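Naming follows writing order (A, B and C), and every chain is counted from residue 1.
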């Protein structure tokens, strides 16, 4: 049916192509479209640099801006007011010549305290979310990838026997305790052999059944944690523990891992079934490598988004805790602290509330915008190429 | 269907049990003694401390305390350590105070979020959408009490509306329409405050759901049939977009006990949130644990209701 | 070929999609016409613009990225591109209907079949509920769906793929339109079901003398049902004619390549022919003839000059000056 071509010209020319861009560049471009997200990112960078500068400028024996210097005679001065130089010693005068943001009820320079607080608030946010993300990824990954595996009945039996043996021993029933313990050791060995040395006939089938899978276990833990109203839980724990910045960070972190766990688990569950995982397994790639090199990058997207929003929430939570009196204790200044200290003077010295309030608002806003921008950029449905 | 309900109930009961254990442990393992029992507390003589400990079984091992606590809870005899009043009646009283706040707040949130979210989605990118988005972000990001204070200053200075507490002091004998209006005024700001955050979040979510549904094939089919835009948006698209929200409905329930500690503190509203807060400060374990338990019950019941609602509403899910 | 005026005449249609930094020229000057009662096939691979041109007929192109940049679509002597949405609503479903490719996602999952078919009717006619139900049942029966009375209350997910597509067709036929546009209606279905659906469309068409614009990439389907064929490539028509002409006497290298790629008994044991290269991205089309990078008959001019349509036989035209 095909005639001979007119010229023996069977070479294919290169058609013009769309420029090849990697996934990251695509995502980056999408992110750029969203102006608000860019604004968010810019503000975040400014905030970060301010925080770093703040730490540098306010720490040490003789800092450039002194946040802790009490000048009772200069208390409650509005922003941009001049210091009353006659009443001050030389080193007490404010660094820039005026109280840029005013003074608080102890005469401390609000600007200095804000600078110091920036770093602390940032740290609280990042560390808390860092903890939550690490726990969340671990739990979610375990549930998603190894979910089918679980704790077997014979393993439970072995552990119970061992424990009861030890307890009885220490209570005083020495012989019973010893006996239970020995039986426990025996069961333990049999379990190990059945599980890992492929000698499954050593343990009867009905005992080898899985009592509850890791997936169920972890999801139940998530359910339990979700039954506690989060702010209450944080408040309870923080109120009962000695006040410290580390406690606060850890508590906020340990009460917000549930969202990340769910995301990671969902991603892993869906990714696990996909062909590229089967292909990798068929090629003999180890489980560890599959998880970290292949599945994790896909699962990271929702985690990243929820982390940025999580940092915003952590900063707000810390402010809320400070308001109730359970925030980071002095001498650390945090923006939440400053805000809550100012509430007593809301009518007389409104700047004490406004300055940190607006600052928190801007920073949290920027994190939220950045997070939403990330979400759009990383959303596979919105990618057009 | 029955088996699903049965399994659900069993699972949730097990979760409830674990929640009770965990909360018990958290409270009791925290360092420090309840202030009533603190031997350091000068108000209490050693005899009183000892009597207190005996009465509340504080000298017994943890699991015994656990059993005593839950026995008391389920028989309604549980008693606050601070003032020896029945915990359940205290909770009930405060609950009734929190209830109007909760109802008005929830009503505001749900009735305002949907129109805003839907309109934003249908006119995506327009002025309405962009301003609504801006406000939503603003409201989500502002620290709660900061916003509260701004509102208070505005309202008190400009509108001269009473704000603190549930009712104005000394109004006892006024005719009831005045009393009623007074109550409404006092209720207004805290509810609005509570609602704004919720509206911001919920309307964004409504918007994103609507957008996702509007891009679906069946919406295109509806248009291709010649349906007018109203029918396309409000009949075909909306019905699908609302599906996840029906399930969220069940989850409002836990908010009953939540009550916002911060809002109640600012407005001196004698509600559940503040009671729980004061109990935490005073280490009044019975109250803390009871509130915790009730909150868990509400969460689980709420989840259960959500599941049932989802079954009822999505024809694709039939057991 | 009837010498009446065409029912639908698309003239030099251009539909572009505007992206961030590129313009996707999905439909770049396409003209075709359909006479009452005939079956016209629009053939081409994915990405050649056939669905976009069909959607433009009904005014269903999403407007922020997409824009109709030129041309006319004349339906019953009116340029429907100039009509506003309210006027188009009257045409959609009533005079021109469309059947889409994926029946599962094209039906609303939360409404019953009866509801959705009934809606198609009640939008355009005043009709009581009982009469409406009766019409729906009659339609379903026509489509060969067993126990139509029960089916009315079913939801889309309860039906099989073939049944769903029959429901879509029933919806499209509900108001006896003059033209049905079928966009790859059988691509998502099994081959046996495919044959049933094709027969169904054909029988309905004969009975009601409806025109059908059938969009597909499957040449086997085309040879079975089409009166006339338009072959599309990269947003342009490259060959048109009646079925006999195009299949028996294909001129354009693309058409010939497509036909040569069809497996048949005679080619058993030999390597299948394929057209080397890939379909161009609508945003980055080559200069000159869009097919030239892949064409074995290419000459120098092909790289720079976009050819016009050239008349060959009665009604048979092609866009290749080299082969004509």
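We adopt the following convention: a residue touches a chain if its C-beta (ideal position, glycine included) is under 8 Å from a C-beta of that chain, and two chains touch if they have at least 3 such contacts.
Because the structure is predicted, anything quoted here is derived from the model rather than measured.
Trainee: I want to compare two interfaces, A-B and B-C. Which one has more contacting C-beta pairs?
Mentor: More C-beta contacts join the chains of A-B.
Trainee: Looking at mean CA positions, which chain is nearest the middle of everything shown?
Mentor: So the chain sitting closest to the middle is A.
Trainee: Averaging only over C-alpha atoms, locate the centres of subunit A and subunit C and give their separation in whole Å.
Mentor: 52
Trainee: How many angstrom lie between the CA centroids of subunit A and subunit B, rounded to a whole number?
Mentor: Taking the mean C-alpha position of each chain, the two centres sit 24 Å apart.
Trainee: With centres defined as the mean C-alpha position, give me the subunit B-subunit C separation in Å.
Mentor: For subunit B versus subunit C, the centre distance works out to 54 Å.
Trainee: Quick one: which bits of subunit A touch subunit B in the complex? Just the residue numbers, please.
Mentor: 36, 220, 223-224, 226-229, 231-232, 235-237, 239-242, 312, 316, 319-320, 323-324, 336, 339-340, 343, 346-347, 350, 353, 357, 360-362, 364-365, 368-369, 372
Trainee: Okay, in this complex, where on subunit B does subunit A touch?
Mentor: Its residues touching subunit A are 14-16, 18-19, 22-23, 26-27, 30-32, 133, 137-138, 140-146, 149, 153, 254, 257-258, 261-262, 265, 276-277, 280-281, 283, 288, 291-292, 295-296, 299-300.
Trainee: Where on subunit C is subunit B touching in the complex?
Mentor: It comes out as residues 58, 60, 64, 85-86, 89-94, 97-98, 100, 102, 105-111, 119-120, 123-124, 155, 157, 168, 171.
Trainee: Would you mind writing out the residues of subunit B in touch with subunit C in their complex?
Mentor: 125, 216-218, 220-229, 231, 236, 239-240, 243, 314-316
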